[in-house]
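Got a structure for you, questions after.
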Amino acid sequence: MDLAVVVVYEILYTIAFLALISAGLAVVFGMMRVVNLAHGEFILLGGYTAIVAHNNLGINLFVSMLVIAPVVVAVFGVVIERLIVRFLYGRLINTMLATWGLSLAMIGSFSLIFGTTTTSVKAPIGSISVGAFNISGYNIFIIASAIGVIALIFAILRFTRAGLVARGAMQNADMATAFGYDASRIYMATFAAGAALAGLAGGILAPLVGIGPNAGSLYIAKAFITVISGGASVVSGLITSSGFFGFVTQIVTFLTNSVIGELGLLVAAIILLRLLPTGISGRFFKNRL
Amino acid sequence: MARDGVVEARGVGVRFGGVSALESVDFTLADNELRCLIGPNGAGKSTFFKCLTGMLRPTEGDIRIRGIDCVGAHPHQIAGLGVGIKTQVPSVMNGLSVRENIWIAARRLNTTRSANRIVSETLERIGIADSAGDLVGNLAHGRRQLVEFGTVLAGNPWLILLDEPAAGLTADEAERAVAVIREMNERAAIIVVEHDMHFIRQLANTVTVLHRGRILTEGYVDTVLRDPVVRDVYLGKSQ
Amino acid sequence: MTSRQLVLSVVIAAIVMFVLPVFFDVLNLTTYAAYALLALSLGFVWGYGGILCFGQTAFYGLGAYVYAMTAINLGEAWGGFFLAILIPAIFAAILGAMMFYGRLSDVYLAVVTLVVTLLLFRFMNTTAGPEYVIGEARMGGYNGIPGFPTLHTPGNPDANIYDEELYYFTFIILFVCYLLTRWLLGSPFGRVLVGLRENEQRIELLGYDVRARKTAAFAFGGGLAGLAGCLYANAAEIVTPELFSLGLAAEAIIWVIVGGTGTLIGPMIGAAVLGHLKFVLGLQSIKQVFGKENPLEATLVFGMILVLFVLFLPRGVVPSIQGWFGRSLVGRFKSGSGMRRRTRSERARNGA
């Protein structure tokens, strides 16, 4: 019984983890058809920001994680959008290549500034015991955050005017322009929102995982797979795909070990894309949020 | 094989979700026939065309080309039977020269040597020899249409399917296209999907009118176009 | 290629081959030649087949591993040499068939190839334990496989090919592969392949089986990359999971972008020049400035190179030069007949 609770808890955590690291990428890909390969480094930037704000500037950890990290990364995202991404809209492959370059440049910069060693911050919540098992209490916070993030994205897209305009512009940029909205600003804001979500993920995960210059590739690989497999619908794609992969990974991990679990995720992704070439939401949730 | 025509379609239907784009279409094309498929926008012309070319799999019915079952076949398999296909938007290889475009078409069934010969002949036939070395992407729209005719022609097909060959052509170019199609008709049966009435009058003797996914009528072009029902369909009065 | 062009390219290649060792270290040059072969394979698959493979290094690394493990088991090199071409080619054919028959589009193709590379990277890193062994060859996990027999005169495993000999051997293999690829591109198969890059639907409507052709092209590219991995393994005398790393996958893309897609010579030059740049950057540590260990500064430079090229020179260096240079030659070639006489500018524009 205790074991079952732990396994379910671990599955939920893995799903939440995937949803969290993929949310920013999902917004940017789903809304703008842009794949930001520097997404992993955006997450790292959020992590570094939270750690520096807390350890060096003495700011409260939750403020550092939940406010400062997303804001800093959003500002960085705006700069990148203006300098690089906006010249490449509609050219998916070129955007991927340019952001891959950005990713490498950021890895190099991180190691210049912070060194190649892993930095971290102490988790604010200790462990909880379930019967004979000890589980991390911080993971509950992560699961809650993931739910919060998805609810936030859904609410903004569904209920706010900005969300409506953004959805309209993504469907038909010319039309939005004709209605008097500035498509370029909408793109910029969307990219910034994606960056903020990446920063938030980095901030929240900083206490849990070590932040080092090379860690981004781990996030980007998983986020990339989750988003692409989820397909173009931001919310439903994100939920179904992180749910599916989180489940597969954790079950395989439970049966073998965590490395095989990760391999399980990658293999599942390849099979899934073979069966559903347009992703889960492209097949089952077409034209929904 | 029974002499029941080059193309034999029975009860072809296509449904997208709940919408019926095509319903129980029966269609027969005889050897060396030139047939125009006409109808207003949304009549199902292009849908039927896509079924014939293998780009779309009909949800029901049966399509045979020279007696061979073609439902579910890939476009390359249908083309491989000796069917020349020209799509609505000029589908050419923009980054290659006119000569190379046609060479690739000619080489499929021929040796390099005879492919080279076919290319020269084809360039003459469609009257585009003067720009043989030009990149197709740099040509005007009408010239690119001609290049696509050339690629169709170079495969020496016995059945040719053309989707809106006159779209975007100037009057002169359309006349040239009519001549090219007439000439192709000497060796091949042809189906032309078109809604430009002027072009159809120049071209055809038999037409099939599609309306709302069904065949409305079939017959000689002048008779059909004088038919009040057809006129109403085109002017949008009917029903 | 006409016989005159063939003679000319042999002469140029020979001059380059003998002049380079005057200025550069032969071991470095051997590595660059292996890089160049990897770049050639990606340049072929991407630039001519229009298949954007983000994980060409999967076949490269696979070639290196296959070679190392076969060499250990056989105690000689040549079986491994050929398997290092064959197995990556078969692997590419299977992967390619899966992707092309599944009609995956560009992005998804990029994802799948990248994921496969990552998969191999993770897997190879976990094989440290003694249970991961094929024949007598332990896979070694993150430490890789050192100490396998290197290339030698056929029939005599003791007569090793090393240093200068290995450089000449690698260079000649590179040149032969280049000629082979050019020949393939000039053949009907190659021309249809280029047509396919331009317009897949047209080629299909002309009756060619697009999926089979793409798969074949991908397999050919995989074989070349595998051979490149084998040559690299001989130069480095160790294979590690780093061969499958995201960083190297990116580098291969950068070589091709910088050199120029749509040419064969461009990616090869790109690989050699950037390979040397990386070597130089590795020497010029700027740790004095920041007071820290900085093995990653090459990454910073390479990343910026990639961004700048995508933004400002997406065609790459070689096609751009051909474009500027070729405009004056168009007149000379235009009246010519036959497929072979494509003008330089035409080829350059194709690369855009």
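Some points to look at:
Letters A, B and C mark the chains in the order given here, with residues in each chain numbered from 1 onward.
Keep this in mind: contacts are C-beta pairs under 8 Å (C-beta built on N, C-alpha and C of every residue); 3 or more make two chains touch, one makes a residue touch a chain.
Note that the structure is a prediction, hence the values are computed from the model and not measured.
Considering the contact criterion stated above, no chain is in touch with chain B and with chain C alike. When every chain is reduced to the mean of its CA atoms, the largest separation from chain B belongs to A. Computed centre separation for the pair chain B/chain C is 43 angstrom, with centres defined by C-alpha atoms.
In whole angstrom, the spacing between the mean C-alpha positions of chain A and chain C is 32. Between the CA-based centres of chain A and chain B the separation comes to 48 Å, rounded to the whole angstrom. Here chain C touches chain B in the complex through residues 188, 191-192, 194-195, 197-199, 201-210, 333-336, 338-339, 342-343, 346, 349-350, going by the rule given at the top. The residues of chain B lying in touch with chain C in their complex are 53, 74-76, 79-80, 85-87, 91-97, 99-101, 103-105, 107-109, 112, 116, 133, 135, 148, 151, 155. Chain contact summary for the complex, chain A toward chain C: residues 35, 84, 87-88, 92-94, 96-98, 100-109, 111-113, 115-116, 213, 217, 221, 224-225, 228, 259, 262-263, 266-267, 269-270, 273-274, 277. Looking at the complex, you find that chain C touches chain A at residues 52, 98, 102-108, 110-112, 114-116, 118-119, 122-123, 126, 246-247, 250, 253-254, 257, 290, 292-311, 314.
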